[in-house]
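Down below are the structures I want you to see.
Each of the next two complexes has subunit A plus one other chain: subunit B in the first, subunit C in the second.
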Partner chain A sequence: MARIPGAGLAKGLAVTLRHMLRRSVTQQYPQAKPELPPRSRGVIALVEENCTSCMLCARECPDWCIYIDSHKETLPAPEGGRPRQRNVLDRFAIDFSLCMYCGICIEACPFDALFWSPEFEYADGDIRNLLHEKDQLGVWAATVPPPPPHDPGAPPPKELAAAATPAREPRAGRDVRAIRPPGSLKREDPS
Partner chain B sequence: MLDVVIRLAIIVAAFLVLPLLVGQTEHKVMAHMQSRLGPMYAGGFHGWAQLIADGVKFVQKEDIIPAAADRTIFKIAPAVALVPYLVVLIVIPVGDGLVGVDLDAGLFFVLAVMGVGVLGAIMAGWASANKYSVLGGMRAAAQLMSYELPLVLAASSVAMAAGTLSLSGILDEWQWWWLPWQALGGVVFFVAGLAELRRPPFDMPIADSEIIMGPMTEYAGIRFALFMLAEYAGIVVLGALTAVLFLGGWHGPLLPGPVWTLIKIGVLAFVVIWVRVSYPRMREDQLQRLAWVGLVPLALLQLALTGVVKVVMA
Partner chain C sequence: MTEERVVGVGAGALGLGAKELATEDMILNIGPQHPSTHGVLRLRLTLDGERIATAEPIIGYMHRGAEKLFEVRDYRQIIVLANRHDWLSAFSNELGVVIAAERMLGMEVPPRAVWARTLLAELNRVLNHLMFLGSYPLELGAITPVFYAFRERETLQAIMEEISGGRMHYMFNRVGGLKEDLPLGWLDRAAQAVAEVRRRLPDIETLIFGNEIFLARTRGVGVVDRETIMQYGVSGPIARASGVDFDLRRDDPYLAYPELPVKVVTRSAGDCNARFEVLLEQAKVSLDLADICIERLRELPQGPINQRLPKILKVPEGDTYAWTENPLGINGYYLVSRGEKTPWRLKLRSASYNNVQVLREILPGNLIADMVAILGSMFFVVGDIDK
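Showing the complex of A and B:
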C-alpha cells in the first residue's frame, strides 16, 4: 500500500489528542498524599528495645552518620546465679544530612532494630536540624508498614526453604560410628 | 457617533479578553496533551486567573533597556507588534452588520496591516543590539517575505470567488459549497498565517533553545508581556480571518451568527495550540522550502481552480 501523504502528521496530532482526553497522571502532592511503592526508602527508623548497642550499624555506615553512646549495667544476680551485664543505649542518632540512604545499617543490624520507614516529609531549613535522636527515630518506627506479601510465583524465601529441607539420611553401607570425635578412641597401651 | 463608540469599545474589550482566553486555553490544553494539569492554584478554580497573575508579575518587573540598544526603536517595537492586530479586529465582521468599519478594501487592509505586525519583531531584533536578536529579526523578515506570498494568493482566491474585497461582502456571497471549493486555499492560508505569527512549528525566529527567544531576548517586564499578548492576539486575528474567509464566518445552522463566528475562532485557536504541541520546530531551510515549494504552488493551484469554476459557472 502506498504511503498516504500527511499520515505521519495526522498520527502526531492523534497522539496528542489521545493524551488530552486521558486523565493526567499528576498527583497534587500537598493536597493528596502520594501512593508510595512498598519498601519505600523514606527515613531510617529505630526500634529501641531491639538495639543491643553492638555498634555494627555505626561501623558499617559508609558515611559515619550514626552516633551511638551506651554504658554497661550490671543486673543483680538472680537466685543462685552470677550477676549479668547488659548494654544500655544512651544515645542513638542518625545525621540525615550525611546519610546517603544506602540501607547498609539496616542490612547489618542482627537484631531487627533498624527499619526503612516510608515517611519522607522531614526536610528542614537548617542542616543541623537533620540530626535526629532516638526518640524521633522511635516515632518513625510506628510508621513502618508490614512487609508486602510474597510475590506469587517467586521462589520461596531462602529462610523458609532452609527450614523445610529434610535432614539427610545416613548413607547406606557406611558405619556412622566410625566417625568419632578426636580423642575418643582409646589408645592401645604400648606396653 | 454613539454607535461608533460602542462598537470600538466592544472591539477593544474583545481585543483584551480573547487573547487571554486563548492563552489560558493554551496553558491548559498543552498541559493535558502532555499529561500534566497546568496551572491549578491562581484564582482557586483550576488556575483560571493564571494569566492575570502573570500580567501583575510582568508589570512589577524592572524595565531593562540594554546600554547599546537603540532606545526609541526598542521602546516602540512591542507596540508596533501589538497594535496592528487591534486595528485588524476593527474590520472583521462578527455577525451580519456587526462590524467596526465596513471597508470596501477590507481584505487588502487586513493583509497589509498584518504585515506591519511582523515589522515589530524585526525592529525589536535590530534595536536590541544583541546578535541573537538580530538573527531572530532577520529570520522573522525572511519568514515574512516567503509566507506573505501564499497568504495573499490564498486570500485573493476567496476575493476572486466573491468578486469583492470587502470582508462583509465576501460573507454575503458565501455559499456552503465554498467550503470544499476553497479548502485547499484555507489550509494554505492557515499554515502561512501560522508562520507569520511565528508559532511552533514555524518558530525558528524565536527558537528559545537556540537563539533564546530571538527578538525578545532583551525584553523584560511589561514590554515582554506585550509581545506575548501580540502573539495571542495574532492567534485570535488569524482564527477570525480564516473563519471569515474560508469557513463562512457567521453562517451556520441554529445558533446566531456571532456565536458561530466565536465558535469557529475558538476551534481554530485550539488547532493552533494543538499543532504547537504536536510538531517539532522546523529548520530554517525546511521553513523556506515549505513556503516556496509547498505552499506557493498550492495557492496558485487554488487560484486556478477558483478561476476555472468561476468561468464555468458564469
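Showing the complex of A and C:
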C-alpha cells in the first residue's frame, strides 16, 4: 500500500467534512423529549383496583423488590347472601433501586394490575427515594400506552379467537330451563 | 548504526557490577480502575523500563456469582441474570439458556420464533461490534469514530427497543420462543435500519481504517499465533483474526443458521489491525444475514411465536451443553437438571474469560504504550470475564 503519506488522514477528514455539512442527529434532550415505543420498559405502573394482593409478582421477582402488605376485610352480607371476605391492599411498593427491569412481575400478574410505562424521568439524588409507593405507581398507570398491533404473520390475539368461535349448542336432552337463576335456592340454615 | 557507549552510571550504581547495570524491574498495576481497561480488569505488569516483562491479568473484581445465582432461579428468572454477564451481547446470552432448556425438554420452537431469534441475534452482533469499532479507536486517541459508531448503534437500538422494550437487556427470549410477537410494521423498520447502517458503516472504515496513525499503532502489534489461540481456547473474532477458521454458526449451526449462508471472516496476520478488520467485516456479514432473516420472516406462514408453557416449568433430569457463537466468541452453558424447576448446576463458559487469559502471552515484550492497543483489541467485557 504505497500511497501518498497522509492520504488516510485526508480521507478521514473528508468524512468529517461531509458530516459537518449534514444535519446533526443529536436530540436536545430536556427540550426535545424522545419518542419511545409502547413496549419501552421505563417504569412499572400499578392499577390498584385490579390488584388482589395475591403476591404472585412479589414471589416471582428475581430480586424481591416488590413489597406488598394487605389485610382481610369482611364485607357485610348483602340481601339474602352471606358475608364475604376480600383482600384489601395496604401497601404496594417497588424499590426501583433494586429492580432489574425484567418485567417478570408484569408477566406473572394474572389480573392485569401491572403494566410497563415508557415514563423514565424519575431519577433521584438519593437512592432511598427510588422506593415508590402505590400512589406514585398509580400516577404512572395513566401514562401506559396501548400495546402495538401485531405483525400480519402473528396469530390473531386469543381474545378475538375466543369471540370468533361460535357459542356451544345446548346439549341434546338437557332442559335449559332446569338451570336455575342465581339466588333462587335458599341456603339451608345449619343451626 | 552508531555505537552505544555508557559514559557514567551515577553514584548509586557504584556497588553494582557491570552485569547488574540494568535497573530493577518495576511492578505496575494497571487498574482495577484505569481508563484503558474498560471495566475493572487489573493487570499486574512487571516492567523493564518501558517494556513489559511479564503480565498477569487479575480478575474477579466484578464477580457476581452468576452461576450460583442460576441455581436458585427458575428458567425465566435465569434469563434476567444470563443476559447481564456480557452486557453488550445480551440477546445471544439469553439464547444459550433457552436453547439448553428447550433441548432438555425436547421442545420444538415455532419457525417464526427461530427466524426472529436469528434476526435479533445478528442485530445484537452488529450492535456489539459497533461498540468495539467505536471504542477501540477511542482508546488509541481517535475520538470521532465512537460518535459515528453510536449513531449506528442508536439506529439499531431503536429497532431492538421497539420489539423488546429494552435497549441493552432485552429479556425477550423465553423457553419455547419469544416473549411477544413482532409489532406491526417492525420488519419494514428493521429492514430500513439495516440498510441505513450498511450505507453509513463505510464512514467508520474510511475515517479510521486507512488512517496512518491508526495503522502505525496497530499493524504488527500484539500478534497472537494460531498455536497460542488453540492452547488458550480463544474464540470469536480474535481467533479468526489469527486464522482459526471456526465459527459455530457454520460449524455447529443452531437456530436458523443451517439455512443461512454464513460467511466466516478470517485474517491471518493476528495483530491488532487484523482483529479490528475482522470485526468490521463481521458487522457487514451480520447485516447481510439480518436482511435474509427479515425476508424469510415476511414469507413465513402465519403462526405462533412461542409455546404455551406450564405454570411451573420443570426441566427433566439430565444434562446438556448448549454453545452459541456470541459476538465475542464461544458462549456455552452446561445445564445439569435434576428434574426441578431450577437447574442443579448451570456452568457458564464465557468468551471473554478465555480471551483475556492470552494477554499474559502476548503482552510481554511490548511497550507500555502498545499495551493499550493490545488490550483494546482483545474485545472483552469485564462482566463476561468475572461472571
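Definition applied: the second predicted complex is superposed on the first by the 131 of 191 C-alpha atoms of A that agree within 3 Å, B and C clash if a C-alpha of one lies under 4 Å from a C-alpha of the other, contacts with A are read in each partner's own complex, and residues count from 1 in each chain.
Methods note: a contact is a pair of C-beta atoms (placed from the backbone, for glycine too) under 8 Å apart; a residue touches a chain by one contact, two chains touch by 3 or more.
Everything numeric in this text was worked out from a predicted model, so none of it was measured.
J.: Identify the partner contact of A:Met100: answer first if only subunit B is touched, second if only subunit C is, both if each is, neither if none is.
T.: second
J.: Taking the superposition on A as described, I'd like to know which of subunit B and subunit C A:Trp116 touches: first, second, both or neither.
T.: second
J.: Among the partners subunit B and subunit C, which is in contact with a greater number of residues of subunit A?
T.: C
J.: Quick check on the superposed pair: does A:Gln28 touch subunit B, subunit C, both, or neither? Answer first, second, both or neither.
T.: First partner only, subunit B.
J.: By the touch definition at the top of the document, which applies to A:Gly12: first (subunit B), second (subunit C), both, or neither?
T.: In the superposition, A:Gly12 touches subunit B and subunit C alike.
J.: With both complexes superposed on chain A, which partner does A:Asp151 reach: first (subunit B), second (subunit C), both or neither?
T.: Only subunit C; A:Asp151 stays clear of subunit B.
J.: Check whether A:Pro62 is in contact with subunit B, with subunit C, with both or with neither, and answer first, second, both or neither.
T.: Touch status of A:Pro62: second partner only.
J.: List the residues of subunit A that touch subunit B in one complex and subunit C in the other.
T.: In the superposed arrangement, which is not itself an observed complex, subunit A uses residues 9, 12, 15-16, 19, 25 for both subunit B and subunit C.
J.: So in the complex, the part of subunit A that touches subunit B is made up of which residues?
T.: That would be residues 9, 12-13, 15-17, 19-20, 22, 24-26, 28 of subunit A.
J.: Using the touch definition up top, name the residues of subunit A that touch subunit C in the complex.
T.: Residue positions touching the partner: 5-9, 11-12, 14-16, 19, 25, 36-37, 39-41, 60, 62, 100-104, 107, 116, 148-155.
J.: Okay, in this complex, where on subunit C does subunit A touch?
T.: Where subunit C meets subunit A, its residues are 73, 76-77, 79-81, 84, 112, 144, 151, 154, 158, 161-166, 169, 171, 179-187, 203, 206-215, 297-298, 300-305.
J.: Enumerate the contact residues on subunit B facing subunit A in the complex.
T.: Listed in rising order, the residues of subunit B that touch subunit A are 29, 31-37, 40, 274-275, 277-279.
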